[in-house]
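Each of the next two complexes has chain A plus one other chain: chain B in the first, chain C in the second.
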Partner chain A sequence: MADYQLPPKPKNSGVKMAKRIVIAVLIVLMYVWTFASIDIDWARAIERAMDNFQRVIPELFSPDWSAAGEVSLAMLETVFIAFAGSLMAAILAVPMSFLAASNMMGGKIFSATGKWILSAVRAFPELILAILFVVAVGPNAFAGVMAIAIGSTGMLGKMFSEIIESIDMEVVRGMEANGANKIQVLFYAVMPQIIPEFLSFAIYRFEVDIRASSILGIVGAGGIGTMIIFASNNRNWNEMGMILLAIIIVVTVIDFTSARIRRKIV
Partner chain B sequence: MTNEKNPVTQGKTPSIYPAKTKKQVTIIFFAVLAVYLFSMYWTQREMVGGIDGALGNMFNVISKFFPPNFAVLPAIWDPMVETIQMAIISTTGAAIVTVPLAVLAAENITTYRPLYFASRTFLNILRTIPDLVLAVIFVGLFGIGLFPGILALFIFSIGILAKLISETIEAVDMNPLEAMRASGGNVFQVIWYALVPQVLPQFTSLTLYVFEINIRASVVLGLVGAGGIGLILDQQLGFYNYPNAMAIVILIFAVVLIIEYISNKLREALI
Partner chain C sequence: MIEFKDVGLVYPNGTEGLKNINVTINDGEFVVIVGLSGAGKSTFIRSINRLVTPTTGSLQVDEEDIIGYHSGELRKLRTKVGMIFQNYNLVKRSNVLKNVIAGRLGHTGTFRSVLNLYKKEDVGLAYESLKRVNIEEKVHNRADELSGGQQQRVSIARVLTQQPKYILADEPVASLDPPTSHQVMTYLKKINKEDNITTIVNLHFIDMAMEYADRIIGMRAGEVVFDGPVSEVSEQTFEEIYGRSIRQDDLRGGAEES
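Our next item is the complex of A and B:
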C-alpha cells in the first residue's frame, strides 16, 4: 500500500526568518508606542456621548426639509467648484505629465524634475491648499477652485504620465522612421493612444473632487462646507441631516453617471 | 505621362475621424466650456476686487509666509506624532473590521444576492460621506479630542478599504476555491486555505495605501476639533502668525512625503 504523506514543507532560509522577525518586532513596537503614548479621555468621551446621543443621532435622521432650497444652492456651488477645479487641473496636468513621462521629452532630468514637482504638489492635503488660498484670495468659492485645481494637478499629472509611459512606442518609432516631425508624431501616434484614458481619469478625478470640494467650506472656501460648519456650531443637527442627505445623493448620482460615461469612453 | 488626376495625391486628405464623431465631440466640447465659464463666473461673483486684485494680493500674502519660523518645531512635534498615531490606530481598526465586510461585498464569495447588494449599498453610501463631515458629527457627539478623529478616520477607511479589497477578492482565481470545496472543505476552510493566500499581499498593500490616505486626512481633522496638528495650524492662522503656520505646513509636507516613500517601498516589495 502506498504511503500517503504530505510533501515536506519548504525550508525557510535563515536570512528570511531573521527578516520576518525584525519586521514583526518593528510592527509590535509601533503598536506598543502608539497605544502607550496616545491619551484619550475615555470617561469624558463616553459621558459626553451618553448626554448627546439623544440630541444628535435621531435629529440627523430627520432632515430639516425647510433648508432644502438653501442646501441645494450650496451643493450646486460645490459642484461648480469641483467642475471648474478639475477642468483646470486636467488642462494643467497635460504639460506636466508630458514633462514627467520618461519616454517623451528624452532626458532623464526632465522626467525626474517633473515627477518630483508632481509628488511635491500631491503631498499637500487639499484643505491645507484651501487654507493658503483663502488667506490669499479671500474667503470665497474661487479659493476652493484654486485649491482643487492645484491639488488635482498633482494626482492627475501622475496618472497621465503613467498612461503616457504605457503607450505603444512602436507606433511612434514607425512614424519617426517614415520622416514625421515631432508635431505629427504627437497628433497621430501619441494622442490617439492617450486621449480615451486621459478623459476617463479626468472624469474620475471630478468624482473625487466633488467629495473634496464639499468640505472646503470648512476653512471658508465656499460650497456646502460653509453650511456644515454653521450647522455644527449652532448644534442644528436637523440641518446637518439635510446636508448629509444632499451630499450622499449628489455624490451617488455623479459617481453613477461618471462610471457610465467612463465605460463608454474606454 | 504624369498622372495628375490621382485621387490619392490630389485634393484634401480624408480625415481619420468620421463626421458624426466630430459633431458630437464639438457639441460636448462647447457644453463643457459653457459649464466651465459659468462655474468660473459663479465662483468669482463674491470676490472683491476681481481676479487681478486677488492675484496681486496672493503674492503679497505669500511673501508674509516667508521665512518660516522653525523655532516652533519642538512645540508642534507632539501634535504631529499624535496625528500619525491617529492614522495608525484607525487604519488598524479598519483593516480588521473590513475583512468580513469585504467578503460580504464580493460577488464571487457571497453568492446570496440580497446580502451582497445590501453590503455593496452600505459601503457605497459610507464612501459618499467625506471624512471631515464624519469628524464634525463625532466632535458634536463625543466632544473635542482625539477619539472623534480616530472614529471618523476609522469609518471613512472602512468604506474605501472594503471596496478595494472586495474588488481584489472578485479578481482571484476561483479554481483553488472550487477544488477545496470539491474535496469537502467547509466555508471557513475554503476562505482560509484558498482565498487568504491569494488576497494577502494585495490586502497588505491596500492597507498601506489607506494608511497614506489617513495620514493626509488626519492632518486636517484638527480643523474641526478632532485632534492632531490641524488644530495648531488653524490657531496659528487665526492669530495671523504666518511664519509659524508655514513651519507647520512644511513639517506636514515632510512627514507626508517620508511616510509615502516608506509605504511605496514596502508596497513594491510586497507585490
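Our next item is the complex of A and C:
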C-alpha cells in the first residue's frame, strides 16, 4: 500500500457524535417505556398464540370449497365497488387537479385553495369515510363506493395536479403564439401531455382500491369484508381460508394486468 | 409591413431588452437578425407577435399599432404571424398530422377543433405542407420518434399550414448540426420566395446569415447597430456588431452539404 494521506476529520465531529448518542439513547428509552407500560402477560400470550397457531393455521390452509360460490360473488362485489369508486374518483379528480395545479388557472389563490381541499380530503382513511357513509346511505355497497370515491379523489387529485405542473409549458406558449385560444390549447397542447399519465395513475389507484374495498365490509359497506368479519366471529377458519385465497388470486391478477396496461400507456 | 417606431422595452426586473428601435420591414423580405446572446434578438422578434410587450414607442403590423392589443385582437395577430422555435415545441406524444393541423387552430372554431372536425381542405393543406418540407412519409408517426431536424421540418410544416403573412423564427437551427441547419434554412428561404411570406430569423452564425439573408439587422445591448442589405456586409461589419473579432464558433460551416 502506498502512503496515502487520510482525509481530515470533519469539523465538530465530537458534537455530532454526542448528538447521535443522545438520539439513540432517547429512542431506546422510548421503546422500553412503551413496552413496560403496555401490560402484557407474555407467557400467556405466547402460549395462546402457539395453541391457536396449531389449530388455526392448518384450517386456513384447507379452504372450504363449498363456500367458493358465495365467496366469489362477494369478491365480485368488492371488485365492482373498487371499480365504481375509482372511476368516480378519476372523474372528480380532474377538475380538482386543474384547480390545484399552479400553472393552469393562473393565480396562487386558486392553486392554494385546490391543494388545501385535496389534502383535507386525503386526511380521512377509507374506513372512516365508510363509517360515515354507512350512517348516511345505509349499510350497502353504495356506501363502499362513496368511501372509495372520496378517498381516492384526494390522492388522484394531488397526483394529477403534479402531472399538470410537470408538462412542457413551452409547447403551450408556442401554440398560443400561433393563434390558438385557451380551450384549443387545452385540447391540443395540455391533454396529449397529461392523458397517458392520468390513465396510468387511475389504473394504479384501482389496484389500491381493490385492497381498500375488501376491508370496507367490516363496517357494513359491502363487499367481501362482511364475510371476513362473520367467518372470524364464528371461528370458521376454513371459510376464512377460502376468502383469503380469493383475495390473493384477484389482487395478484389485477396487479399483473394493471402493470402490463400501464407499461403500454406511457 | 412591420414598423418599429422608437420602440423600447424594459423588463420588470429593470433589464433593458430594447432601446429606441426604429426599423421598417417590408413585405416579402428575408431578414436575419444577428447579435450575441443577450443582445435583444429574441426580444425584438417576440415583440412582433406580442409574446413580450414593448413598454414605449409604437409597433405597427399592417398599419395597426399592436402594443395595446388584448386577447381577441392578439389571437388575430398571432394567426397572421407564425412562429418557429429553437426547441420545435411539438407535442411529443401527438402524431405528426395532429401537430401540423394545430397550425390551423387560429383559423378554426373552438367547437370544430375540439371534436377534430377539420375541413377536408385543412387536412389536405396540412399534408401538402408536409410534402413541401419532404417529410410526408412520417405523417402518422409520433413526434418523439423523429430526429431534431425532422421535428424542425414538421414545425415548419405547421407554420405553413397556418398560412401566415409573416414567419418569425427564433434561433431555428441552434439545436441542429451543420448539414441539418442548412436544410432547415433552405426550406425557410424557399417558402419565403415561393409564398412571399415575410420572414424574420434570429441567428448567431455569421456564415449562415450571409448565405440566406436579403437584409441583415445587427443588434448589440438592445440597440440596432447595423441595418442594411447583405451586399453591404463584410466581416468588419460583424466585428462592429459583436464588438470583438470573429471567432471560429461564430461560424456554422458545412455549407456545401444540404
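Simple rule for what comes next: the second predicted complex is superposed on the first by the 224 of 266 C-alpha atoms of A that agree within 3 Å, B and C clash if a C-alpha of one lies under 4 Å from a C-alpha of the other, contacts with A are read in each partner's own complex, and residues count from 1 in each chain.
By definition in this document, a residue touches a chain if its C-beta (ideal position, glycine included) is under 8 Å from a C-beta of that chain, and two chains touch if they have at least 3 such contacts.
Computed from a prediction, not measured in an experiment: that's the story for all the values here.
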Partner chain(s) touched by A:M240 [first = chain B, second = chain C, both, neither]: first
Touching partner for A:P196 - first (chain B), second (chain C), both, neither: second
Of chain B and chain C, the chain that contacts the larger number of chain A residues: B
Contacts of A:I117 with chain B and chain C, given as first, second, both or neither: neither
Which of chain B and chain C A:V251 touches, first, second, both or neither: first
Which of chain B and chain C A:I183 touches, first, second, both or neither: second
Contacts of A:G174 with chain B and chain C, given as first, second, both or neither: second
Set of chain A residues, in rising order, touched by both chain B and chain C: 188
List of chain B residues in touch with chain A within their complex: 16, 32, 35-36, 38-40, 42-44, 46-48, 51, 54, 57-58, 61-62, 65, 81-82, 85-86, 88-89, 92, 124-125, 128-133, 136-137, 139-143, 145-148, 150, 216-217, 219-220, 223-224, 230, 233, 237, 242, 249, 252-253, 256-257, 260
Complex interface listing, chain A residues touching chain B: 30-31, 34-35, 37-42, 44-45, 48-49, 52-53, 56-57, 60, 77, 80-81, 83-84, 87, 119-120, 123-125, 127-128, 131-133, 135-138, 140-142, 144-145, 188, 211-212, 214-215, 218-219, 222, 225, 228-229, 232, 235, 237, 240, 243-244, 247-248, 251-252, 255
In the complex, chain A residues that touch chain C: 168, 170-171, 173-181, 183-184, 187-189, 192-193, 196
Contact set on chain C toward chain A in their complex: 49, 51, 75-76, 78-80, 82-83, 85, 87, 89-94, 98, 102-103, 105-108, 110, 113-114, 158-159, 162
